[in-house]
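First the structure, which I've put down as structure tokens, then a few questions once you've had a look.
The first chain written gets the first letter, and so on, giving A, B, C and D; residue counts start at 1 in each chain.
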Amino acid sequence: MIKIGILGSTGYVGLELARLLSNHPEAEVVFLDSRSYENKAYSSIFPNMKNIIDIPCVSINLDHEESLKGIDLLFCALPHGLSQKAVQTAYRLGIKVIDMSADFRIKNAAVYEEWYNVKHEALPELNKAVYGLCELHREDIKKAEIIANPGCYPTSIILALYPLLKEKAVTLDSLIVDSKSGVSGAGRNLNDAIIYGQCNESVKAYSIGSHRHTPEIEQELSLAAEEETMLQFTPHLIPMTRGILSTIYFNNKKSLTDKDMAEIYEQYYKDEFFIRLLQIGELPQTKAVYGTNYCDIGFKADKRTNRIVLVSAIDNLVKGAAGQAVQNMNLLFDLKETTGLKLTPVWP
Amino acid sequence: MIKIGILGSTGYVGLELARLLSNHPEAEVVFLDSRSYENKAYSSIFPNMKNIIDIPCVSINLDHEESLKGIDLLFCALPHGLSQKAVQTAYRLGIKVIDMSADFRIKNAAVYEEWYNVKHEALPELNKAVYGLCELHREDIKKAEIIANPGCYPTSIILALYPLLKEKAVTLDSLIVDSKSGVSGAGRNLNDAIIYGQCNESVKAYSIGSHRHTPEIEQELSLAAEEETMLQFTPHLIPMTRGILSTIYFNNKKSLTDKDMAEIYEQYYKDEFFIRLLQIGELPQTKAVYGTNYCDIGFKADKRTNRIVLVSAIDNLVKGAAGQAVQNMNLLFDLKETTGLKLTPVWP
Amino acid sequence: MIKIGILGSTGYVGLELARLLSNHPEAEVVFLDSRSYENKAYSSIFPNMKNIIDIPCVSINLDHEESLKGIDLLFCALPHGLSQKAVQTAYRLGIKVIDMSADFRIKNAAVYEEWYNVKHEALPELNKAVYGLCELHREDIKKAEIIANPGCYPTSIILALYPLLKEKAVTLDSLIVDSKSGVSGAGRNLNDAIIYGQCNESVKAYSIGSHRHTPEIEQELSLAAEEETMLQFTPHLIPMTRGILSTIYFNNKKSLTDKDMAEIYEQYYKDEFFIRLLQIGELPQTKAVYGTNYCDIGFKADKRTNRIVLVSAIDNLVKGAAGQAVQNMNLLFDLKETTGLKLTPVWP
Amino acid sequence: MIKIGILGSTGYVGLELARLLSNHPEAEVVFLDSRSYENKAYSSIFPNMKNIIDIPCVSINLDHEESLKGIDLLFCALPHGLSQKAVQTAYRLGIKVIDMSADFRIKNAAVYEEWYNVKHEALPELNKAVYGLCELHREDIKKAEIIANPGCYPTSIILALYPLLKEKAVTLDSLIVDSKSGVSGAGRNLNDAIIYGQCNESVKAYSIGSHRHTPEIEQELSLAAEEETMLQFTPHLIPMTRGILSTIYFNNKKSLTDKDMAEIYEQYYKDEFFIRLLQIGELPQTKAVYGTNYCDIGFKADKRTNRIVLVSAIDNLVKGAAGQAVQNMNLLFDLKETTGLKLTPVWP
């Protein structure tokens, strides 16, 4: 059994981790950290957890190294900025750590500091960190000490684009991504924007051209394309709880057909359990991946405009956060990659 | 491995069975019957099933007995009336059958015929059938050949009332049940009442005093109370996909306190994995059981009025249908009752 | 033109008042009070108001009487407790006031203090206040100085029961009310219970036997019945923004038929513009009254159980709050009662 | 009073017309045509209409010209293809007609026939028809006999782009539009795609590169740009009832700043009642226009990418259909353009 601690266990990502780990045959959650809910039973905060995880939350003090003693793996589900010390501490203690924040995702600290407006105080660990998009960096992940678990939007976008980028089929300066996210993506910190009356029966764009996931996405797209890539990215909030749908547009410089694309995707992803390639003519929808680690991908070559449109769907809290983290854990601990993650989505 | 056939696999109950069985370690689905979708790949109808169940649907002809050959268990998810022949055929062939319709739930055929306006043509099998509410009839279920899987509303109501009925704590002639169901309870047959524009942002009552689950509920309440019971039952449709919340009212003839009730429920249900007893002061909500086989129960003795109010929450498609059916299957085949059903509800 | 001030204009009730008054031909809003949003343009808080009400909020200091000078009518949409001083001040200045809080609804100050846990400091004004349920107290309202605008649940319940209470057709000690409310009923003050992720796809009961609207309802039911009435009342939160559906149960002591009830309702309400009596066999739904001041009422005599079930539907923010307040204003100022309120509900 | 007939009154567009006209001081609806609901009271189909429009539907036979006698204006809310005969008949009888279908929107009949796969049989009337986007073609509309009322997506897109097209500020070959629509946009004809269980908690793209509104949008964009324009257009279905949000991307060839754009929009739209220009930094949301004829427009110049992103929000059934039709009616009959349309959106 892998002994696990979760820092920040009462945010939605921490909770989703707890849910997934509760069904993982090799995982044992040793502590659930929460400053706000210290000593409160986990199931009294989240009624779904009744009889499943009833232990009380603890408040971990990172200044006392013994507080992390006895665990094999630390999941860090703290807000960005706060993760740095936690990751440093774990690393120093030889504890593997999967960080869910943005703190270790962006290799260039200056870029991180510019977009997140926070000083990076853990540069050695940043250099050690592996970007945990399993399908792209599997071998590096297996050997890593620190995993920077990808963001939700980045996961949905990078997975869809990767094969075509590798094939140099994307006209990079035409790349536009329009993403739609459920409200859980905004977390559970109280603010006017996430109350029911504001979100229900409404859709809006936000952070046009300035969303913090932009540099993370650009880093990985550039890597795959072997060329500097700049992204036009617009996230939207839509009235549902979970799910991200990303619609991706670019000029079809190689005049690929749908059939060509089907072959390329097949070549890259045919052995990837969590990537489901839809057939030509089918398009993804978020309900089809609800609560699971799948990323569904569809595509369409528009002959009239000579553009390609890609569409990908994930559950923002699973493949976009906690599910991918568990997938990373499985890789780190040499388990079958699908362990604890073979979930069938509910429908309807 | 239990070899399984599902009749009516493309309704929501059939689909939920397929979902649950896809994660059941001892189940192998041999055929998925559907008249409307014959030869269509299951995952082309239900995109959640992509890469999970891709086999095509078949249309089973019950006149050819060989069509059921080779299976150990038949799940019958056909509309009421149509189940009778299927159950008869399976029974004759020595195949265990779990029927999801109302056809074998009501012991008194005359009552069935009055409420369902259909002649009952399978009386010998009706006599053989066991009402598959696992927590109440476990021992009979283990030995059954035919299981009548309970309705969704009845499950939510009977489980909540059972301990207090056994304790003669319910003033039967004061019993009122007000239930709220998600729209999936109305199935997926096209009709104006279930289109998005009609249901979203609206709540309504329907079938006041005349819902067909009434005699089924009354039968089981009467059994538990050892006294003829007549129910005031009002179902409501509310704008969500899954879930039933039942609010139950009756006069507190024994002047029980909340603490008394906590003890009674504990006594009856402490070993029931799928029943979660909330603490005094807590009340159930459907989200907490979403997608799972749990039934959450809360209660409140109102001292001012000397009434008791019970509240129960289930997922109508799981504990209210397919999940309970799998629980019945586990009992029938001598498996651990929770096999394939240890699901943690998503939140949010 | 009636010159109007609104205290607490940035809660949902205050906002709904502003919306309705923006279409009222005889109303001129002179100030929109808000402590939290002082000096912020109203339309910057509520984007629906863009180009409609762009004036900034002001923070009214009741200690300076001149702050209310120049208005003919004060709407007080403050939380309970805070209204008392505002109503006193307006009354002393000879300004008519419609109070949306509970502070002046309950005639018996001791009952108010017990349920609201607040001392009542404005007893003379409490004695002057008229309970503003227009259909019941129209003549008193016309002559009033202070109107206590009814609560949302009470409006939906009292209007449905009133004719049958007057006809002594309700077995009072059997009376049970099960209400379902949209989330806007919980206001817009930030708390975990109203964030999207908690409410969406879930239903729950709350405040069983202890909701603060109980004594208000009991007061008015007792008045109509000419007999002390005690209510079993359970409110529920359901995943929609607006609307209350109340389902009301009681023993049918006079063995009324549906036709009898149709006649009684017709007799009491045939001239009431805002009450729509559904035909026998029809049942209300909240969508049909969305955004409007209607109260739809349906009923069913269940012969089998000899009980009556009533169902009423209102928009909690309109007939349940701001719409009724405007109706009261129209009565107070001798306008046609429907002025500014002839709205057709949207569908779908 | 303008005497009005509505063909196809029981679709969502016909219903929305009926709603808006019920509050229009100069409109009198003479008949509500429906083949499916002949002789059924309108309010028995749409319960919101109770006591507002109770008259029965009639089935108009266009072969009998007298069936249209006595009306001044015909609204035609039939599916495309079926409108042609109706418009011809009305035109021959000298009755003004506002057609809500696509039949008279596309000037080039060959293009119409290619995208709609229907032969155009009313070419003379097509030549007479004026495209009824009021803000662009106001003077032509006033003199028209036949109005082709714009589609919902086109309205949201053309209004947002028009000023920048006129200013030659749009790099046409980079134009990409990503639209999100509520489910009511799919109408109320029964089909699996619009049932609650399919739509709720899901988002999907559809008709990528092939949606039938494409040529209509391209026609009007080309007109404004004075240059042939080809559009990349992707509509999405999101889980809400009403509203369209369009997100529009193109290269900023003139390197406009937000301030430049604010000035351009102000110049074109400052006198347009129904267009609300958001301030720099604000972005539209569909809830803010719910149930009303407003089109809210926001914009963002992304300096980093040198692209412009526009966002517009309308209610698909109002400014995207019936509201714009009433606006057209007001122009046709020389009424104040806002008559019957000064509605304040509900919030929340």
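Here, contacts are C-beta pairs under 8 Å (C-beta built on N, C-alpha and C of every residue); 3 or more make two chains touch, one makes a residue touch a chain.
The structure presented is a predicted model; accordingly, all values stated were derived computationally and were not measured.
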Intersection of contact partners for subunit A and subunit B: C, D
Intersection of contact partners for subunit C and subunit D: A, B
Inter-chain centre distance, subunit B versus subunit D - centres from mean C-alpha coordinates, in Å: 46
Computed distance of Cα centres, subunit D from subunit A, in Å: 39
Junction residues of subunit C - those touching two or more other chains: 12, 184, 188, 196-197, 200-201, 239-242, 284-285, 287-288, 290, 348
Of subunit D, residues touching subunit C in the complex: 12, 15-16, 19, 22-23, 46-52, 184, 188, 201, 241-242, 276, 278, 282, 284-285, 287-291, 294, 296, 342-348
Subunit A residues within the subunit C interface of the complex: 12, 183-184, 188, 190-192, 194-197, 199-201, 239-241
Interfacial residue positions of subunit C with respect to subunit B in the complex: 174, 176, 178, 180, 182, 196-198, 200-206, 208-209, 230-232, 234, 236, 238-243, 245, 247, 249, 283-288, 290, 300, 302, 304-305, 307, 309, 311, 313, 348
